[in-house]
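Going in written order, the chains are labelled A, B, C and D, and every chain counts its residues from 1.
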Amino acid sequence: MKFDAPAAPIKVAVLGATGSVGQRFIQLLDGHPWFEVAALGASPRSAGKKYFDVCQWKQSGPIPKATGEIVVSECTPKSSAFDGVKIVFSGLDADYAGSIEDEFASHGCAVFSNALKPIHEKFGLDTVMVTTMQAISGAGYPGLSSMDMLDNIVPLIGGEEAKMETESKKVFASVVDGAFHYADFDISAMCNRVHVLDGHTECVSLKLKKKATPGEIIDAINSYPSITKGLGLPSAPTHDVVYNTSPDRPQPRLDRSVGDGYTVTVGRVRECNVFDARLVLFGHNTIVGAAGGSILNAELCVVEGLVK
Amino acid sequence: MKFDAPAAPIKVAVLGATGSVGQRFIQLLDGHPWFEVAALGASPRSAGKKYFDVCQWKQSGPIPKATGEIVVSECTPKSSAFDGVKIVFSGLDADYAGSIEDEFASHGCAVFSNALKPIHEKFGLDTVMVTTMQAISGAGYPGLSSMDMLDNIVPLIGGEEAKMETESKKVFASVVDGAFHYADFDISAMCNRVHVLDGHTECVSLKLKKKATPGEIIDAINSYPSITKGLGLPSAPTHDVVYNTSPDRPQPRLDRSVGDGYTVTVGRVRECNVFDARLVLFGHNTIVGAAGGSILNAELCVVEGLVK
Amino acid sequence: MKFDAPAAPIKVAVLGATGSVGQRFIQLLDGHPWFEVAALGASPRSAGKKYFDVCQWKQSGPIPKATGEIVVSECTPKSSAFDGVKIVFSGLDADYAGSIEDEFASHGCAVFSNALKPIHEKFGLDTVMVTTMQAISGAGYPGLSSMDMLDNIVPLIGGEEAKMETESKKVFASVVDGAFHYADFDISAMCNRVHVLDGHTECVSLKLKKKATPGEIIDAINSYPSITKGLGLPSAPTHDVVYNTSPDRPQPRLDRSVGDGYTVTVGRVRECNVFDARLVLFGHNTIVGAAGGSILNAELCVVEGLVK
Amino acid sequence: MKFDAPAAPIKVAVLGATGSVGQRFIQLLDGHPWFEVAALGASPRSAGKKYFDVCQWKQSGPIPKATGEIVVSECTPKSSAFDGVKIVFSGLDADYAGSIEDEFASHGCAVFSNALKPIHEKFGLDTVMVTTMQAISGAGYPGLSSMDMLDNIVPLIGGEEAKMETESKKVFASVVDGAFHYADFDISAMCNRVHVLDGHTECVSLKLKKKATPGEIIDAINSYPSITKGLGLPSAPTHDVVYNTSPDRPQPRLDRSVGDGYTVTVGRVRECNVFDARLVLFGHNTIVGAAGGSILNAELCVVEGLVK
């Protein structure tokens, strides 16, 4: 498939621009070959002021100069600031994201991670037992107190276990005879907040419908085609998922930059005494898991002609 | 049962006295009503010098004065320093502990944690799936580099998974018709090193032989008798295991001092989509899990007349 | 001086009881031989409910049982809950502490640390240059975000430098011919927030009025009498300040428990290329520097007959 | 000045290639337009094996593929592996670096940081009092134990204070009438190891020969020309030093990537009660302070015709 890059930059907006996901969108969109940040939405408290003056910027590196000069608007498409905007990236909190996003008729597709997808497609998931160790940036800023995280683990992330159990089934859904079917495996998730800045680590035990050895599972991971391969998307990683053969990997500090944060790393695939296999899985929560995933989806929509 | 405390202090020795478990023994034995540290064993490099001068002390609080003045000996019962010693506490590395300990004919019993024991005794364990988040002090000193732990997780602890899977079955062993039987449940352990100083956290999913609701499991924990209750042991905790009803507990920094480190804390017992129940379990690794457990066992041996 | 302990417990109250200094007061007062926590003051939001139900307890160890059952009151002496209360410990924020404390006519004296006092009394301070590395607990709970502190230093603590410069002169004030005189040395403070839970570390360079060698300064520290020595105060440390001869001390994790947190540790006294001497000084910020210092002052007031 | 880039890649070698500074050299040289890593020197233990197989790589991102395939040599120019090598980057430990580097007749110039240089050139330094908070990566790998750094500060870095006091005077040296003169200011340094991965923070108080207001000092920093400006060096930053106007900056996590780690950040210039001014200074220790500084110097030597 051959695709011609857009002739002119496509105007995009970021909602929730002062929050941590919003900041990550702005950082990742800096210098993007197709997209130009043309408008920023935030709370009424920030509206009417320059982004430089209202944003408590927490990313490494400075605020992109042109974006910093943008006057922030309220999050409503009635504001003239959003005229000509084709794509809206939303970093809004889940609590009030829905109605605002509906209003904007956002073209952004759902955000997801697919590391277990190579295994599911080849062997079929029967049962998944997962314990997560999730980064503090997942809670937004300011999020957790430093007094809660220093020398500590918090074994509860409100609503996260139920969300993971539900969303995983959606990610592996398929369309059969024109009808949409959720995947039908059993899943149990136990979620913990640990003292890591970026990147979620998951310890996973799997029962498969079709038995497979650790070697066969590793082969399935290594041979999994990038779903966006060959599409010429600016943000697409070379690999959606890679296997690291070192016995002590993946590790957050060493693997969070793989594929510029767009690639999931899997390691330690080995037999399990209870199910078929155990493994460790790692992905960057605010890139592949949030802002970056959305940008990649937006690029895909451009390629598929959904946004022009 | 009524027990009279020893008339005179019982002389004890600590082997591996300069290491981190050895230091913890010395700290916990400071001021003990029955035991008096009379000898210290360490490597030939330290032998012949005062403990004050050879030990890189890493505990909070200073070295107990009388112990600091002891001249360190090599780890062999042939040294006259060990004359009159009744109990030997060993903080030796597993690599060469066996032969030295055999030589001393140590009376110290095996060290273990028993949090899951209330559940096993009442409902019977069928399958255990556990992911651990273990403290850096478990690796001894100097152990892991600060460059490996800051902002990171290491998803491998060499040999730990196999050890946990084997030892757990020993802990729940029983004697039937005069013969010793290991417990027969299936267990799979995935072990991680996290950035916490003291205390191991475990996320556990359980399948039981006799079905039980979360409420029944919590009742079993709350009503579990302290195995050392009423024996008058100086180091015995009021509870071997307690249940914390807060949804975000146990946490290492807040729960590692419960029962002065001798009590295991359980929290978040709830249903599991795959097995019968899930829970979080926490214990202090160098107290209940190592030095402290050994001292408690030694006290028990004194009460039972095994050491006089 | 001989002092008889109070015949009956003295009733005390803690204001700001749900905050981090308030919690530390409650922890330190647990089991106190003279003082009994009889009332707790907090915001109107918490008033009327049991302390157990409104407090997000962040100390190691549980809430003292009797204190947890107390129904919290608003912070006004008009509330009957404060009837019979002789001493009020205030953990209120500085912003509104003044007027409330005035209302209660608190008997609590000023809180201070006095490590440099042995040197000042003997040699006279001429100039003090100090850079601090202060613990996150000094900012209260929740205080700083974990995202700001992990792998980071914040080189600003609002208002702290001016406060240190002013308060230090008050601490060394003296009464001459019936008039109160501030100490007259020059002082410059640079304050940083670092990733340490409890305890402030200070790197200090000193110019003295009367020249002294490092050895003479160390002697002055070692021979400094405890100001509360011999008074029989339950919380008084054996030493107000100790000198640690190890070249890599004091360290927060190892020295914050010295004297149960009531003793300041000094180390590394050595010559300075610019002034006369350099040293490192460490004290527990929420014990000697706040809650504990107040309790010690209250005990002193009891001994001196100011509270009966 | 106009300079033509080298026609063919210049072959370079890295000594101490498996250590942390050596790894940083390899990471920074990956994709360099002029330099090609052609040989790697390490200890006899690693010699004869592929770099992939002997290096415990601790940088984010993988080992550059071509470099990983290089067979490591012993650190002696007699090895044929070093034939054709023009530039040697040395990450050797100071203990034995001298004789080996002499043997190689290294062309690498001295490594230094020059943030205070704008102020010295304009106003003249009279006295410098500095307290440092230095990153753990400065100690190499494995360096400090995680048990020493978690929730802690180590107020001693062996030999560092004397080294800083001596080297600072060399950095500001000048050549007058053909003779080399060290700068003549007084300097006192107090050095601490803190829990930060990369980047050293310094709190500095300055006495100047020619009085200057904070505003004049900030102007001197902002108008300081890049010493490598206009030379077309691939690694040269746009600014050697920048001033950050935020009152809570510089911060390690937010400022270590400024100028890709080649730029020093200064903040909080303000009056001092004792000297003329106070400020906070931050630089990346393994980039501008070590590996990166050496590469920049090597590029300068190429431009000046010292290496061909």
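Just so we're on the same page, a residue touches a chain if its C-beta (ideal position, glycine included) is under 8 Å from a C-beta of that chain, and two chains touch if they have at least 3 such contacts.
Here the structure is a predicted model, which is why all the values come from computation and not from measurement.
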Which of B-C and A-C has more C-beta contact pairs: A-C
Chain centre separation in whole Å, for chain B relative to chain A (CA means): 41
Length of the line joining the C-alpha centres of chain A and chain C, rounded to whole Å: 46
With chain centres defined as C-alpha means, what is the inter-centre distance between chain B and chain C in Å? 36
Quick check: what residues of chain C touch more than one other chain, meaning two or more? 58, 150-151, 195, 197, 253-254
Considering only which chains touch which, how would you classify the arrangement: line, ring, star, complete or other? complete
Any idea which chain B residues touch chain C in the complex? 58-62, 150-151, 197, 253-254, 256-258
Which residues, counting only chain A, touch chain B once they are in their complex? 127, 129, 131, 133, 150-156, 165, 186-188, 190, 192, 194-197, 201, 203, 205, 247-254, 267-268, 272-275, 278, 280
Help me check something: in the complex, which residues belonging to chain D touch chain B? 20, 58, 136-137, 141-151, 195, 197
